[in-house]
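Which chain is which? They are A, B and C, in the order written, and residues in each are numbered from 1.
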Amino acid sequence: MYDYDVIIIGAGVSGSAIARELSRYKVNACVLEREEDVCCGTSKANSGIVHAGYDAPIGSMKAKMNLRGNAMMEQLSKDLDFPFFRNGSLVICLDKKDMPRLQELYDRGVANGVWGLQILMKEEVKEREPNITDEVYAALYAPTGGIVCPFGLNIALAENANTNGVEFRFHTEVQKIEKSEEGFILHTSQGDYRAGYVVNAAGVYADHFHNMVSDQKIHITARKGDYFLLDKSAGKHVSSTIFALPGIYGKGVLVAPTAHGNLLVGPTAIDIPNKEGTNTTREGLDQVLAKAGMNVKNLPMRQVITSFAGLRAHEDQDEFIIEEVEDAKGFIDCAGIESPGLTSCPAIGELVADMLRDKMRLEEKEEFIATRKGILNPETLSKEERIELIKNNPAYGNIICRCEMITEGEIIDAIRRPLGARSLDGVKRRTRAGMGRCQAGFCSPRTMEILARELKVDMQDVTKSGGASKIVVGVNKDTI
Amino acid sequence: MKNYDIVIIGGGPAGLAAAVSAKENGIESILILERDKELGGILNQCIHNGFGLHTFKEELTGPEYAGRFIEQVNELQIEYKLHTMVMDIRADKVITAMNREEGLFEIQAKAVILAMGCRERPRGALNIPGYRPAGIFSAGTAQRLVNMEGYLPGREVVILGSGDIGLIMARRMTLEGAKVKVVAELMPYSGGLKRNIVQCLDDYGIPLKLSHTVVDIQGKERLEGVTLAEVDGKGKPISGTEEFYSCDTLLLSVGLIPENELSGGMGVELNPVTSGPRVNESLETNIEGVFACGNVLHVHDLVDFVSEEAKAAGKNAAMYVKSEGITDRPASDKGKKPCVRLKATDGVRYTVPETIHVDRMADTLTVRFRVGGVYQNCFISAYFDDERVIHKKRPVVAPGEMEEIKLTKEQLEKYPDLEMITVKIEEA
Amino acid sequence: MEERNLICINCPMGCALAVTMNGTEVVKVSGNTCKRGDIYARKEVTNPTRIVTSTIRVTGGDESMVSVKTKEDIPKGKIMDCVKALKEVTLNAPVCIGEVILENVADTGTDIVATKNVRAV
């Protein structure tokens, strides 16, 4: 039996943000994650948007967390070294008749405390974004809107939490939770854990765990979103995040640059019964294609390099549930964290850590390390610095991923650092090796070699994403 | 900064042949920059035979074909750097490259030959829905794993795309112990050579399903199966024709894209049809002294033609370097005398080159192109403005096989006011 | 009389060939549009042969595999036997292009030769 003061279920952005904020205190905490790495569920497949905060109902937890998270993101991105840009957002209104609904968004934003909102008329919109459709009538401009690398954010939070003493157990699936005298017993695929406090940050499965300990049931629906990711050559098609005005055509799709300079188009919103259903569908992709051009013209859809689907954890009341469960004291829900969840995660981390601090009377650690250095990106160096870097470590002179120009040095760093990469996808999320236009065609055999060498495993045991996702299955002629 | 007369970007078949030709045409200062660990490029993993029938009049395997050129490069003492990535090329022909030993360094060239080859289209470019498990490879990646590293990517295989790499990999996987269940092709015809269909599929009883595509991918961690469906004339899956194939591997052989990120970065104009540079009769791009050849220019099916094209590029680059300082060299008369433009139409998708300076062309110029569909008993025609000058009967032409016409200088000189040569397919 | 159907591999035409056989003797080839189709059909029905290419593991070299081929084409029916014979072979670097790796593979009378150089390291 493993004993902890606090166990956090789930190493997505919520769980990792909570772990990071909690690591400020003297507490024995552990994150249990069923996958092989952090950032493997909802956190890895979403729009990467930092919302301004005009969507959520006035006074809601969503609104509160959104505004606070948005305000925290910039400093956090500096402290923890992950890509974040305040590129602004536009909600496009195509028809004069729909102006009341645009005005409604504006008013709600103002009431929520969103700074700098403006309604722009056609000319101003076109001036800001020449590729907006000529049909545009007006747009709501939010200068505080931003984009963030969701992997970068999640990994940075988890690494920093780990550096500050929070343990992470991967491939550890919580199967059953029992209340006990001193708190909770968690039966997992890797043995039993005991903790006084449990934080339920399990994404689409948060209802599952909540309902194990409470009679007041909640329900989370997996809401699927299909996306297209376009080549960097299309990354400057728009500079702000372009939203559709929600309305009679249903919710439209967004078009946004990503924090790494690609272009993202999506998502759909389809409720599905299967919480593992991260497959894209023909209908979903066709829907995105059909809606893509509604607000942005001349979208170069020939430049698509990949499509993917993510599941949002939609709660029936359409609200974040971040509170201690009434009939299970010590069990804190962090449920229904769908959009604007990514934006909100720093605030959610702060809120939950504060709750635990107060309940557990936690003391601050003097040795808390508030900053973290990300994987060195040689492209940010001057020519002289880069030459010096290669002289000291020739691995930085060896390009492995040709499309994203990622060196062996970066990949080795990704593997060796705290909570380092264990798989091709782990390397990809940390370094972008394999995320470019050839989608790992050239670099995967080379990255596999580096993983095998660094982790001291056979090439045949290298996986795409842990578990049974082995890349090669044998050697030539082994069955003939 | 080091100076070279000619720097060749890429040490595959195109780069090697261009280097040999430049040297043979009198240039001493040549450098080949190769990103891989050895010269030869993709030929090193193409261990099958069928290369060299035109060039060497014998049938060689890929490594042997590359070996012949590597030998020549060594005999001619042409300089090359391996493990060296070109990061950037400027329009003034300053090349920034990087490797482990020398770090980041710059080279000034008088002429640059682009020979970077191509890459495979990934799954994402096809919008195939489904999960994203391990076990989905582009055919070339699988080829590298099997042929260079000795690892088997899977045991039960479905191949999408009947391009030559897909067909070749069907046989390779079979001979290494895997079961290839089916090859599906979206088009109603195969993009590969007949010989490969017979010797790679029929020999091993592997079915080829034309007008079929993958409509779903199953398996969360490792691939568990794919669903194929028949497609209609527009390539849309026909509902009710779905058929599930259990497999642990899906190989994609769905097209090649010239790798022109460096070219684009230096301002080389690209043709959207080929995704390769627009070139003139000298295989020179819109930037004077920058030449292109091989698969970076347009995707070839026979390496022999890559070598032939690269030989011309090498020679032209040599002539360009040698004419340096001569004010009236032909290369500098752009704009003075209008060049002849080539137009591809009626079934002809593109031509390489796209423009001809008659005074600069060699005695014979090969114009290469591809057609957009299968045409039987047709004519390949070339019109010099309104006059049909070439009318070549062909029993069949298909998109999978590159076509060519030859133009002679003598012929073109007879038309001093010629503005446009139109290349088209005419049905009989 | 027996008829066998083939697709000619000589050009993109892909003529559908019909070969009329009397036992092992070719009586007639039809469907071909040129002479090459006739030659191909006669060879393919009486003695189909193929060059086989494969890989062999190498130790102590700058590559872990070396590519090989049958020096001449071998009977089509012997392809799998030939590949099986290569399964147990491991080479020590260096290996040179053209070097004979295995003589008379699977009793075909043909040798297996290397098609690539592998340097010793």
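What we mean here is this: a contact is a pair of C-beta atoms (placed from the backbone, for glycine too) under 8 Å apart; a residue touches a chain by one contact, two chains touch by 3 or more.
Since we're looking at a predicted model, the values are computed, not measured.
**Q** Going by CA means, which chain is nearest the middle of everything shown?
**A** B
**Q** Considering only mean CA positions as chain centres, point out the chain farthest from chain A.
**A** Chain centre farthest from chain A's centre: C.
**Q** Which two chains are joined by the greatest number of C-beta pairs in contact?
**A** Chains A-B share more contact pairs than any other pair.
**Q** Calculate how many whole Å lie between the centre of chain A and the centre of chain B, each centre taken as the average of the chain's C-alpha atoms.
**A** Spacing between the chain centres: roughly 39 Å.
**Q** Centroid from C-alpha atoms only, then distance chain A to chain C, rounded to Å. What do you get?
**A** Those two chain centres are 53 Å apart.
**Q** If you average the Cα atoms of chain B and of chain C to get two centres, how far apart are those centres in Å?
**A** Centre-to-centre distance between chain B and chain C: 27 Å.
**Q** Two-or-more-chain contact residues of chain C, please, as numbers and ranges.
**A** Only 55, 57, 65, 80, 83 qualify.
**Q** Taking each residue of chain B in turn, which ones touch at least two of the other chains?
**A** 146, 148-150, 176, in rising order.
**Q** In chain A, which residues are in touch with two or more of the other chains?
**A** Each of 476-477, 480 in chain A touches at least two other chains.
**Q** Chain C touches which residues of chain B in the complex?
**A** The contact residues of chain B facing chain C are 37, 44, 47-49, 59-64, 67, 146-150, 175-176, 193-195, 197-199, 202-203, 395-398, 400-401.
**Q** Can you list the chain C residues touching chain B in their complex?
**A** Listed in rising order, the residues are 6-14, 33, 50-55, 57, 62-65, 67, 69, 76, 79-80, 83, 97, 115-117.
**Q** Write out the stretch or stretches of chain A touching chain B in their complex.
**A** Answer in residue numbers: 228-229, 233, 276, 278-282, 284-285, 304-308, 383, 386-387, 390-391, 394-395, 397-399, 402-403, 405, 437-442, 444-445, 459-460, 463-480.
**Q** Taking the complex as given, what residues does chain C use to touch chain A?
**A** So the residues of chain C touching chain A come out as 55, 57, 65, 80, 83-84, 86-87.
**Q** In the complex, go through chain B and note every residue touching chain A.
**A** 35, 83, 85, 87, 98-104, 119-120, 122-125, 127, 129-135, 137-138, 140-141, 144-146, 148-155, 176-177, 215-217, 220-222, 237, 248, 261, 264
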